[in-house]
Structure formats: C-alpha cells, structure tokens
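Each chain gets a letter, A, B, C and D, in the order it is written, and its residues are counted from 1.
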Amino acid sequence: MSTTINNGDYVLLYLDRRRTYLVKAEKEKSFHTHKGFIPLGELIGKEYGTRFKSSMNVEFVALKPILRDHIFKGLRKTQIMYPKDIALLVMFSAIGPGSSVVEAGTGTGALTTALAFYVKPNGRVYTYEVRQEFMKTASKNLERAGVLDFVELKNKNILDGIDERDVDAVILDLATPWLVVPYANSALRGSGILVSFSPTIDQVVKTVEAMKENMFTAIETIECLMRRMQAIRGKTRPETLMTGHTGYITFARKTLEEIKDWSDKLQDAEQSSSS
Amino acid sequence: MSTTINNGDYVLLYLDRRRTYLVKAEKEKSFHTHKGFIPLGELIGKEYGTRFKSSMNVEFVALKPILRDHIFKGLRKTQIMYPKDIALLVMFSAIGPGSSVVEAGTGTGALTTALAFYVKPNGRVYTYEVRQEFMKTASKNLERAGVLDFVELKNKNILDGIDERDVDAVILDLATPWLVVPYANSALRGSGILVSFSPTIDQVVKTVEAMKENMFTAIETIECLMRRMQAIRGKTRPETLMTGHTGYITFARKTLEEIKDWSDKLQDAEQSSSS
Amino acid sequence: MSTTINNGDYVLLYLDRRRTYLVKAEKEKSFHTHKGFIPLGELIGKEYGTRFKSSMNVEFVALKPILRDHIFKGLRKTQIMYPKDIALLVMFSAIGPGSSVVEAGTGTGALTTALAFYVKPNGRVYTYEVRQEFMKTASKNLERAGVLDFVELKNKNILDGIDERDVDAVILDLATPWLVVPYANSALRGSGILVSFSPTIDQVVKTVEAMKENMFTAIETIECLMRRMQAIRGKTRPETLMTGHTGYITFARKTLEEIKDWSDKLQDAEQSSSS
Amino acid sequence: MSTTINNGDYVLLYLDRRRTYLVKAEKEKSFHTHKGFIPLGELIGKEYGTRFKSSMNVEFVALKPILRDHIFKGLRKTQIMYPKDIALLVMFSAIGPGSSVVEAGTGTGALTTALAFYVKPNGRVYTYEVRQEFMKTASKNLERAGVLDFVELKNKNILDGIDERDVDAVILDLATPWLVVPYANSALRGSGILVSFSPTIDQVVKTVEAMKENMFTAIETIECLMRRMQAIRGKTRPETLMTGHTGYITFARKTLEEIKDWSDKLQDAEQSSSS
C-alpha cells in the first residue's frame, strides 16, 4: 500500500489528541495553526507518518487519515454517531466486504461512511434521507473519505417504505424506528439483521415490540460505555471526563415462515438417532 | 447473496440467546438437543431464517451464522477476546478491506477470524503462534468461518522478530507486548497502527513507555464496558450480570524521521499566508 | 471503645474476602470450617483483630463485625439491597443521628439495619412489612446487629397508609412505590426526603410522575456501578466479575403550600437592594 | 424535629438541580438572582419546604440544607471528595454515631463535614492539615454545617506521626498514603479500619503493599461510577454527561499479634466437636 503523500491527498496534522487538523496537501498552500505555519505543499512526496516542525518550532506529525478521522472531521449539521457505537453496530451486524445495507437517516453521513468502508469493494449502502441539505453534506463527506462510489444516496422518507429487497442489513438511526420495522422485514433476506440506534429507552421498548410482532428473533439491546485511561507510570488512572450515554443499540434477525408438516421427518430423526 | 441452505453449510440453530448450536446441514443427519430432535438434512434447500419445531414441539430458527457466532462457537483452548473488544480494536485500527495485518499470538484464532473477515478479499493477515496445537485449532476455526484463505499461519515466536514489512497494522495479544514494540516499528509502514490488548494496567504502562521510546504517536488507551438491556414494557432494566473487565486496548501510530532543514519553506509559508 | 471479645459477642472469622464466618464467641464452643476447627471459647478475652491458626494450621483473623457484615451475613429470605446502594441512599437522604425514618417493605431487614445504625442514638425507624415471617427474620437480624431498640416493626401494609407524621425521610423498596407517594407526602415534614429504590426503569418513571403530581421537588434518579480492583504490582486490573445492575435510586423533597400575596415584600426587596 | 426557618438559619434556595443557592435567612436582607429578588427576611417563620415566587415571578423552594448541600456549597480551595465516594467510604468503614476517627488531610473540610455528621453526638474526628489557610476555610465550613463541635482541627503533618490511639478508623486523602500506614497501624484499635482515597492506581498499589507489610487484612479496593437518569416518560435515558473517574477507595483492617501455643485448645475443639 502506497504511503507517499501525493498532491491533493488528505493529511491529518497531529499535534496532540485534542488538536488534529484534516487538510489537503496542495502545492503552494500553507496552513496556519496557533502553533505556527505549516507549508502543506512541502509534504507532497514525503511519507505519511513523517514528523516535522511548524514555523513556531512545534512538532507535528503528518498522519494518514483513517476511517475514524473522517467520521470525526466530517462536515456536521447533526449529532453524529460515536465511533464506539459504530464499531459495535458494524461488528454485531456482520456487515463486511460484500454486504448490501439499507440505512436511514443519512444525516451528514458519519455512519454511512463507516458502512461504505466495510462493504467495500463489492457491497453497497442504500441510504435514505429526507432533508436535501443533509444529503449534500453527506455526499461531500463520503467523497472526502473516498467511499462515495459504494453508496446510493436516496432523497426519500424511509417511513414511506424501502425499495430494496433481500438486503443483508437494515440500520435505523431515526426518531421512530418502530414504524420502519415492517418495511425492514420486507427488505431483508431471511436471517438478515435489523439494527436500531436510539438515545431513549422508550424508543427501544417500542422498537423491540414491533420486532416481536414482525416475528424477528435473537433480539438483543446493548449499550457501550467507553473509558479512556491515562497510562503514565506514577499517574495511571481513568480520565476524569467520560461520555455517560450516547444510545442503545438493538439487534434482531429476520425469520421466515415456519416449516409445516414435517412430523414424519422428526420421527425419522428420532429413530435414526436412537438406532 | 444466496440465502438457501446447501448441503454442508453451517447453520446456527437458535432456541434463545443463551442456547444456540452451530451445526452442519448434512443429508440424513439429525441433531439432538434437550428440547428434542432436529432433522438437519431436511433444512437443506430451505432459506436461512426459517422457523421450525423440534420433535418436542419447541420452536427453533435456522439462522445463518455470522462472524460473532464463529468467534463464540469456535473450538477453544484459550481465553478468547470478546466481540466488544474485537469491534473497537478493528474499528479504531482502520483495518478494512485490503489491509495487511500482523497478529500475535494466534491462540485458537478468535481475533484472527475477525481480522481475516475484515481484510477480505484482497488483504492479508500474518499471524504468529508458538504452540503447534493452538495453530491447528486456529486453522480449523478459520476454515469453518470461511476465511482461512486470507490468513498466513506462522509457527514462530514474535519475540524473535517480525518478517513482514510495510504492513498497515500490528495487533498484539500476548503477555509481554512491550518486547515486540521495536519489531512492530520495523514492520509497520509510516503512519501504520500498533495495537495492544492487555488485561492488566501494568502491561499497558510498560507498552506505552516502549511506544514512546520508539517514537510512536497518537497513543491512546481505552476500555469498553458493555451492558445488556432487558427491554420489555414494565420490566425494562439493565441485566444483572455484566462482565466487569476484559482488558485495555492501546493504539499508537508509527512516525518516521523528522523533516530537517526546511526553515526556508517555513518562512515562505508564513509570508505567502500573510501576503 | 472496648475492643475485647466478651462471652456472647459476635466475631467475624476472616479467612479471605469470600470466606468469612459470623459466629458467637461462647465458652466451650468450637466452630468447624473446611480449613479446620476453631475453639471459639478461647477467643473470649482476646482483642478483636487477633490472628490465630485453626487446627489445620490455616490463619484466620477474629474481626469485629461491622454494619456491612451484619447486612451481608443476616438471615435472608429475600433479595437484599446492596451496601453500595444503601450507602448512597443513606448519604443522599441526609439520614443521620436523630433522624426519624419510615421504611417499607422491611423484608429481612438489611436496609432497616443500616437505617437504624445511622439514626442512633436518638432517632427512630418505623418499618412496614405485610409478611409476618419476614418480620420475624428481620427482628432477629436487627437484634444480632444490636440496633433493634431503634426500630419499630409494624405488621402493616404501607399501601393502606402511613401512621407517622413529620418524619425526616420515607424510604420505599417495594413493587409499586408510586402508590405510596401521596401517603409519603402526608407523612413527611416540609423539605423532608422521599426515596425510592426500584430495579426497573418503568417503576422509576411512574414514581417520578407521582412525585411531580404531589408537588415534590429536587427529584433526581441515580444508579451506582461499583467496581472492585485487584491492586497487586504487575497484576493490577479491575476484577472480571461485576454486578451489572441492582436498581435505580430516586430522591425527592417535599414542598409546602406557596407563599401568596407577598408582592409588596418583593418590591421592598428590590428597592432595598438597589438603594 | 422543628422545621421552621429561624432568623440566622441556612436555607437552600432551589430553582432547579443546577441552580441552588445556600443563603442565611436574616431580617431585612434580600437575595438577588438572575431570576429576580428574594426577600430573605420574609422566609423567617415559614416552614422549610415552602414554595414562593421571586420578583420576576419564578418559583423557588426554601429547602433545608442537608449534608450533601453543605459539602457542595462549602467554601473551596481544593478539589473536594465527591458525595458518592464519601457515601461508600463512610458506609464501608463502619463509621457511625460514637466513632473516633483520624483524618488527613483536612483540605477545606468536605469529607471532615461528613465524618463529623456521622460520628455525632458522642464520637470525634481528629483531622490533620499542614496548610493554615485550608484549616481556616475548613473551620468555617464545619461551623456552617453545624458540626464543628465534633471535630479537632490539628495543624500538623500526619507524615510526622499520629497522636491518637485506639481509634476506630483512619481516613487518608493525601498524595503519599503509603507513608502513613505504619502510623495508622499504631493509632488504630485491633480490627479498626484504615481507608485511603487516591486518584491514581499507582498510589493504590503502593498503599496496598504497605498495608500488607503492616499485617493489615481484609484489604479491598473499589471504585464507584455514578450515573444520573433522566426519567421522563418518552424521554427516559441516562444523562449524557458523567464523571468518568474520581478515585479509588481502599479499605483494610488492623490485625493484632497471633495467638501462640494453643495447640492443646485446638485439639480440645476437634475432640469436643467429634464427640
């Protein structure tokens, strides 16, 4: 994998954990921080990971931006989902290379970016968003993260239904997820996964009820508390500040019609086993 | 994506959250649970997600096993990493389709399975394990999960060094990760990611010190507490039992030699900016 | 404070954190553990804190039992409240020496023991319990803990009303706390504290609604997660097992009728301040 | 218990959870908030808990300040211990009416206030503080909370030793608690409790080692995470903000010299038991 910074590539200028800047390395351009000027054009041709000093003699590192940086540094107009929640949502949903995923709402594309990253190169994300201005921002964010090609942005209200069929997963991050559960049921393949992210427990309870009515199974709701540690000899401790709550994630799997009239097969199974 | 159960396919028989069985759908075979017999052969040709009754008239669902099931249902001889930790480790490491990853130790392949799943189809996992019997079990688990092709199992001690160069990530889950940090530094490309998972805070402190000595940057240590919710109207509450601690995950990024003698460029940047 | 063990005193035989035994030091008596015999009578006249060996040469310590030991070692027929929750409940309720407190239900007296301990020597706990067999057990537990004198055990259903008036606090640990809120309002003095402990969030929501209807103020709901640490150099880490949830504690304070017709006083206040 | 507001009494003016004001009800005085004027003198003779409107027609409640208010509203020059930690510290230390307790350092008296409140009316707190200006502030805070009579403020460095003997508990909240462990051992009665509060895990490890060297037993370290819930129908969720870490609390109990030469008693115990 090439790690040289090319003209037009994104670079994450790293000063410390709280001060990082996502910039484009372009000829003749320079970047001004309160810690001095940085000649961005001069980073072209260098390797990602290179350390350098600003005009105020402060050390920065030119890191290659990763998924998490694109999520955090994207243009925002809405509250975005936290990487910790995206991580559990993706992993527990079995979303991976090749998956076809329906998502709503897009917002400014934080979760969409992650979904698109993981379904690469042959999967696809269909994402629903009613508000046009959010779609435009999401589109820009997806392009910056290099994953726009794997996403179909749909200016539609998912409360009116889902167009796709036989998808692997439906991911809901909206105010009334329970209203979408029947559509998700139609859109999913058998054994496919429905996921809902909600800040309140009331939303979770209603959604779980809708899932049960629609014959979903393996329903589970989790919450992730992430703690940061300061790991310095003599000063080791969890950090003082912590996000207390972001939301609950609920997972469920679609079931299909029950097999009928196989009582003879069951008898056979019992006999073959005992023979 | 085909969702029909074929002869020889794995099926996750789902009774409830704590009682699931990973079996192979094979002709003439049947499976015996304490809730009755199940004619596995009869599931062939059905869709994943199909519901059915056992010979004791108890409902099961024939789910398609997903990554998490393969991790939990794999043959084990060691303590395996929890899916919650694997999720954060993978997401925060930017491991995805196409990544090249070095891992140690393999153990019985729980984390390896996840890494291989995410680097598909064109990435690669190089995993180090000293103990031959673990390698064999890991190999079986990887094969069952369908990801063996993306993994190179190496019967080597990573404390003797890492053979690979320019990899995207090095993932350590072993007793003395700090001893491997210099090798990881040589193996990684610039800006590449080193991750270490350790149960004790003493291991974390030593590893962070080794990372700093080796000029790694963006070092951070996190811990994930996952809580399950019982979401039933009138009975909604977090579950009583909870895993209190599994381990800490530390991330760091490789830096390269500093750019020297660019004071004239810095001056140019300052001037062009103020002009 | 005398710390000599007298005939008939309770002693906590301490082997390790999970193996402690609450016994009575009585002449001629001995105690049998799987780690050997202990001549209890011989402890009489010794100081609390004394170390000794059992007949199998295993070291024990003769500790003085404290409140927490009495709570944990009491006879039980019900789920008892955890010391962590009792601690926050007592502290945030301002219950202390001299307080008058109404409690329901008594159960086997775990919380009652703590309340009585803190209202000593001139306060009083009025505790309601419908089930006679629980009252008897509670009575025994309170006597063992030496706090029975500060408690009035009432074989009554608090859902039928509260007899006491002008009490400092009402503490509810029962299935339908919201039904008791109006009675608590009548029983409390102005600014007095109502506390409710409930495992489910549904109970909390209903109780908070009843508190608001009854003009309570300063309503807050908390939850306490307690983590144990293994603090051994080289092996330091949170313990693996953790209680994920016990219950929510809700606090509220009683308000009295609003002051009417003091508009002239308000004007005076404004004028005197600006003069 | 009288609940009438008298001239000179403290009143907690409650607007909402984040806006409360600890004031003195004095004749002719008024209090100015950004929500209007309040004629404090007019509250004299009213009951605690009374609701009233400010000159801007905003409702306040005149609550009786409780221990927690005094801790939070005290004059501060240092970081104070949180009520959640004070609650667990007091409860797990068996500190209650009549206890004699040594504390260091006093700081501005937050923990001292709580200790004094619980040892009332016949116990005593001996608190050590080197810095004179802190002692003065602590003295004022203790007086305001009405517990100064139960405290002996000592302008001494506890690292030079503890004067008291046979105390029930020694509570340490200072940078190097391990250095005080031998003195605590001398000061405590047999079976007495030593408690240490420390923000870092390094301090805990050193202190636990010192406790073991000094033959303390029943050593345990805990940490309390407190979560607030927003309990409103349709909007129920944990609050977004949460304090991630305050400190670890370590408890240990003093042991005395081992009983020697009682092998004949052990034999007797075994025989009497088997007879």
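Everything below uses one rule, namely that a residue touches a chain if its C-beta (ideal position, glycine included) is under 8 Å from a C-beta of that chain, and two chains touch if they have at least 3 such contacts.
Just so it is clear, the structure is predicted and the values come from calculations on it, not from any experiment.
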For A-B, which listed pair, A-D, C-D or B-C, repeats its interface with over half of the contact pairs the same? C-D
For subunit B and subunit C, what's the span in angstrom between their mean Cα positions? 44
Centre distance in Å when subunit C and subunit D are each reduced to the mean of their C-alpha atoms: 17
Multi-partner residues of subunit C (at least 2 other chains): 201, 227-228, 233, 236, 238
By the document's touch definition, which label belongs to this structure's chain graph: line, ring, star, complete, or other? ring
Chains touch one another in the pairs A-B, A-D, B-C, C-D
Within the complex, subunit D is touched by subunit C residues 1, 3, 14, 17, 28, 30, 32, 36-39, 42, 46-55, 59, 61-64, 66-68, 83-84, 86-88, 90-92, 94, 96-98, 100, 114, 117-118, 120-122, 166, 168, 189-193, 201, 204-205, 208-209, 215, 217-218, 220-233, 236, 238, 248, 250, 253-259, 262, 265-270, 272-273
Subunit D contacts subunit A in the complex at 199-202, 227-228, 233-246
